[in-house]
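The data blocks that follow each hold one structure.
The following pair of complexes shares a single chain, chain A, combined with chain B in the former and chain C in the latter.
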Partner chain A sequence: MEYASFLERMHTVQDTYGYIPENEIDKIAKEFNIPRAKVYGTIRFYSMFYTEPTGKYIIRVCDSLSCHINQSKEIVQIIKDYLGVEHGQTTADKKFTLEIVECLGYCGEGPVMMVNEHVYTRVSGNMVLDILKNCV
Partner chain B sequence: MQETLFLKHRESENIKDYPFSALKKALAMEPAGVVAEIKKSGLKGRGGAGFPTGVKWELALQEEADQKYVICNGDEGEPGTFKDRYLLEGTPFKVLEGIIIAAYACGAEQGYIYIRGEYDGPIRIFKKVLESAREKGIIGPNVMGSGFSFDLYLVKGAGAYVCGDETSLINSIEGKRGKSRIKPPYPITKGLFDRPTIVNNVETLAAAAEIINQGAERYLSLGTEDSRGTKLVCLSGDVCNPGVYEVEFGQVTLQEIIYDLGKGIKNNRPLKFVVPGGISTQVLTEQEIDIPYTYEDIAEAGSGLGSGAVVVVADGHDLVDLMLNVSRFFMDETCGTCFPCREGNRQVYHMLKKVNGNLNEEKSRIIADIGKTIHLAARCGLGQTSLNFINSVLKKFENELIVRGDS
Partner chain C sequence: MIKLTIDGINLEVEAGKTILEAASAAHIKIPTLCYEEGLTIYGGCRLCVVEVEGERLLQPACATEAKEGMVVKTNTPQVREVRKTLFELIVASHDISCQLNCLTCSKNGNCELREAAEIIGISEMRLLPIDKGYGEDWSSYSIVREPNKCITCGRCIRKCEETQGIGIFTMANRGPATIVTTYGDKGMGNVECTNCGQCILSCPTGALHEVYHYEKVWEVLNDPKKHVVVQTAPAVRVAISEPFGGDPGTIATGQLVSALRRLGFDRVFDTNFTADLTIVEEGTELIKRITKGGALPLLTSCSPGWIKFIEHFYPELLDNVSTCKSPQQMFGALAKSYYAEKNEISREDLVVVSVMPCTAKKFEAQRPEMAGDVDYVLTTRELAQMIKTAGIDMEKLEEGEYDQLMGTSSGAADIFGATGGVMEAALRTAYELITGQELGMLDFKEVRGLTGIKEAEIEIGDLKVKAAVAHGLGNVRHLMERIKAGEEFHFIELMACPGGCLGGGGQPSPTNQHVREKRMKGLYNIDSLKELRKSHQNPYITKVYEEYLGEPGSHKAHQLLHTEYTARGV
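Up next is the complex of A and B:
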């Protein structure tokens, strides 16, 4: 196995299950002929890989400097109140996982949030609630 | 005030409409000739460190190895920076052209473009670009009939700011944790899979393509002696017209970028400070921004041009809150290898968290001290620059921030 395809392999598993389960770690370790601990260590290094199940929708809200001075804090609070979870947590119905993340690269259009791979820019409190309500 | 358009242009989505004129020109030259042209242009790396691109390519060309690699660094993550996304979305063929030219110039037959995982749009666009380029023979066993073979693969990052550092990025492509490597050996001699590797930023490669296209002479006619050509500036924060602007070095001041191109501060509020090159650089106050936008002038003002991220901060924000925000960024994003960076950034965060309006001289001195330690002891750029923002805010707004011992 080419090591350069390692991340891609992880992405595929992550996208399939919403996280990287134990048995997949075993498989990857065998495929690439590396210890399981090393696979686990790599997974844990990257914020887009999870070792626990995530919600159907991963909500990522940017709170880096440019978004922060454009009131991303308020957006974060509105989402926290609506979903009833904190940063890094998943709702009880397994629908949403909330992540307060660093720069998403849309600094000129903040505040910014991502729902799975979809990006929403210049979001307001009302917009955010509409977006979340439309996640079914 | 107008932008100087050297790099920015509209590109058709169809590969058939893109002439690849720079690539054709390059392939008709000797690799050493391409390197000489880039060296002559004075182009510097646009990712943040500003290393002369021609020198990098020349060193790579001189290396002898069974395999060499070229990597396009699209792991743009410095808060305030979005120019690489702009290029990957708007002018992906030019970026591709730049990568192939770099590969040809250095004798690399394989390349990787590493795009951060959060950039789903650019990743999708570039996947299509690679497909159509392979179909058209722009990449593959015989690039445009020249006899030069080059293949390019896309790697999707997975959320780690530190992978923007070239050695961390190489580790990440190799499927490892994105930790930095000790230099030397530099990637030029021992990089990806221990082979000579050049890592160039997206903007650098796009500029290189355009330099070959329009000629180094044209590039030399733009900018100043130490800052040749143009730069994409990412303007964000409390500014009326944020966005990506292309400016000629030395022709505009930092102030003009904010007040003319950016149309000034939102709601006409007074300016508090400007972050001239991303949050790894020192802030500049209103009195310090009437300087030409060049590497040398910003360095002389005590900061850096960095990645070109200009973040405008108006009066009225809680400074400690802003410092905490930046501090949290580095605490979260340090790779954890160098102890001073890992623990130092954590300590600074917790100190600032406990401030509650009581920032005294001693705390400020300790933070400055930690900054010095990290700068001296961290082995990659992330660590070395991690306290630039905080220490410059502490120093420049000392009077507002520090509660004196006797009060």
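Up next is the complex of A and C:
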């Protein structure tokens, strides 16, 4: 397999299962003829690959400089209180995973959060709660 | 050829050489941490930065090719300043803050970080080191990792992947959170690690070291109820003087024996004795497989790193591996039966210690099928430590003699420590056993030397024996692929470490190509100077068969000297 398609292959697995299970790591390592540690290292390098199952909705809140100045900490706290999980954790009903992440590319419109593929900018506490309640 | 100037010295180097290599040819020392000869260039630590005329930024010497007309300066105010800052940043991520870490570190005495500090001339530390609070990895029987001491230079990763062809390590996370880890953070003992210890030799700091047994050995030496015997591997005698300032390859067999006796071992024996025994058993096995049928090629079984490698990566070929235990384990088995019975020592009171150039031997000794025949395994480094602790001046020691019964060996056993040595030793014996004629020329030059894979066709009577030798697991893997593709051989010697045992993961630092060459020369010198050079002519081998084992390949020999393997997979 061409090494160039390595990341694409990882994305496919990630999208299929919501994470990259051990047996898939072994398969990818064999396909690309690389050590399984290398596949694992790649997963650990990119924040959008997971080794554990995630919730149906992955909530990513940016805490880089400009979002931080725009009170992203408060947003994070509201989400934590609402979902009852900490950074990196998944709710017991497997619905939500919370992640505090680096820049999402909307620095002029902070604070910013993502729910799966969808980006929300200039979010407020009330907006966040509405967004979360609409996740079914 | 390319002409350039470094620090005002006019140089000519081959095209494609880096500034670092050019500087080294001109005897200009540039500090490095992530660079290691033989591995790919990483360019991560940046300590080797130099000024190149016409370039706006400093260039890393290890990763910059020398170009025609280049004017390089390695020692300018800017270079000195930047190196100092870089060094401080690297050290800030390395746990030297608490518990007087340097004093208790495995690399105390040969730390590359300390050497770099010395070269750069560090006089202050403006940054407080960060204790990252990572746990230590004690999952392996052979090797310990202390990630707090890691500077993420990546040398262990590259050594494991490139030289050894395995790749159990990876970097995880990004930026300051970057950490070297194993697959799934499972730890070295729970992944496809062969315990070869080459990563320890690569590590510039003390983040990797062997699982120490020397404290336990002190304990049994001080216990009057215990009868403690020791065995020394072939490759130890040509490396043990290095930690005491001796030249690599210095033959210190006699001093080694004296030092061990001074440390309080009740008997000082030689793994060489069972190396000779291995040859007789394995030679018999080879002849049987060739003449009577059996899995060919026969693959040697002395290197425990190689054994774990095949168990993980080529379990389908395990029938080809010789069933002979390694010399270390043959010694353990005989010590706890033959020697113990002869001297009426009970198994509980007898302690068998081995001194090995190897970290994988620690794993091997605890394999369940080995039944605890070898109690403790010291690396060459650990023994050097014990000798220092005992206040023994290695260089001034009289030459001692090994104790009888299991202390006499042929030159064929000494060369076990070098790649190709087991092959050569086996050929000397196989030739005479098969043809019944005396072998005139004893040197099989085609299997000697540091070429990765060596091949030879040897005529033994009417038989043409196709032999191959591979050392360093990367080379081993190449050869295994050729076998799987259908290439035919009769007999193959495989060693996990580059150079064979003399380059083992338990040997003193530094172990590099230059050092390996010198140790190899030492071993072949011992062989050529010995009267006895063929394993089967060792009178004590004859004796052990007469008194105890019967004949080579007998039922008793099988019980004591042979073993089985485990298909592990990845």
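Note that in this section the second predicted complex is superposed on the first by the 136 of 136 C-alpha atoms of A that agree within 3 Å, B and C clash if a C-alpha of one lies under 4 Å from a C-alpha of the other, contacts with A are read in each partner's own complex, and residues count from 1 in each chain.
Heads up, the rule we're going with is that a residue touches a chain if its C-beta (ideal position, glycine included) is under 8 Å from a C-beta of that chain, and two chains touch if they have at least 3 such contacts.
Just so it is clear, the model here is predicted, and its values are computed rather than measured.
Asks: Could you check whether chain B and chain C clash or fit when both are placed on chain A?
Replies: clash
Asks: Between chain B and chain C, whom does A:Glu117 touch in the aligned arrangement: first, second, both, or neither?
Replies: first
Asks: For A:Asp26, decide between first (touching chain B), second (touching chain C), both and neither.
Replies: In the superposition, A:Asp26 contacts chain C only.
Asks: Is A:Met48 touching the first partner chain B, the second partner chain C, both, or neither of them?
Replies: The first partner, chain B, only.
Asks: Contacts for A:Leu7 in the overlay, against chain B (first) and chain C (second): which applies, first, second, both or neither?
Replies: First partner only.
Asks: More residues of chain A are touched by which partner: chain B or chain C?
Replies: B
Asks: On the A-aligned overlay, A:Thr91 touches which partner chain: chain B = first, chain C = second, or both, or neither?
Replies: In the superposed model, A:Thr91 contacts neither chain B nor chain C.
Asks: Go through the superposed model and pick first if A:Tyr40 touches only chain B, second if only chain C, both, or neither.
Replies: Once the two structures are laid over each other on A, A:Tyr40 reaches chain C alone.
Asks: Looking at A:Ser66 after the superposition, I want to know if it touches chain B, chain C, both of them or none. Which is it: first, second, both, neither?
Replies: The first partner, chain B, only.
Asks: Touch test for A:Tyr106: chain B only (first), chain C only (second), both, or neither?
Replies: Only chain B; A:Tyr106 stays clear of chain C.
Asks: State which residues of chain A lie in both footprints, the one left by chain B and the one left by chain C.
Replies: On chain A, the residues that contact chain B in one structure and chain C in the other are 41, 45.
Asks: Hey, which residues of chain B end up touching chain A in the complex?
Replies: 76-82, 84-85, 112, 116-121, 153, 155-161, 172-178, 193, 234-238, 242-244, 275, 279, 309, 311, 313-314, 317, 322, 325-326, 329, 332-333, 335
Asks: In the complex of these two chains, what residues of chain C are touching chain A?
Replies: Going through chain C, the ones touching chain A are 161, 166-174, 181-184, 191, 570.
Asks: Within the complex, which stretch of chain A touches chain C?
Replies: 22, 25-26, 34-38, 40-41, 44-45, 51
Asks: In their shared complex, at which residues does chain A touch chain B?
Replies: These residues of chain A touch chain B: 3-8, 10-11, 32, 41-42, 45-49, 60, 63-66, 68-70, 101-110, 114, 117-119.
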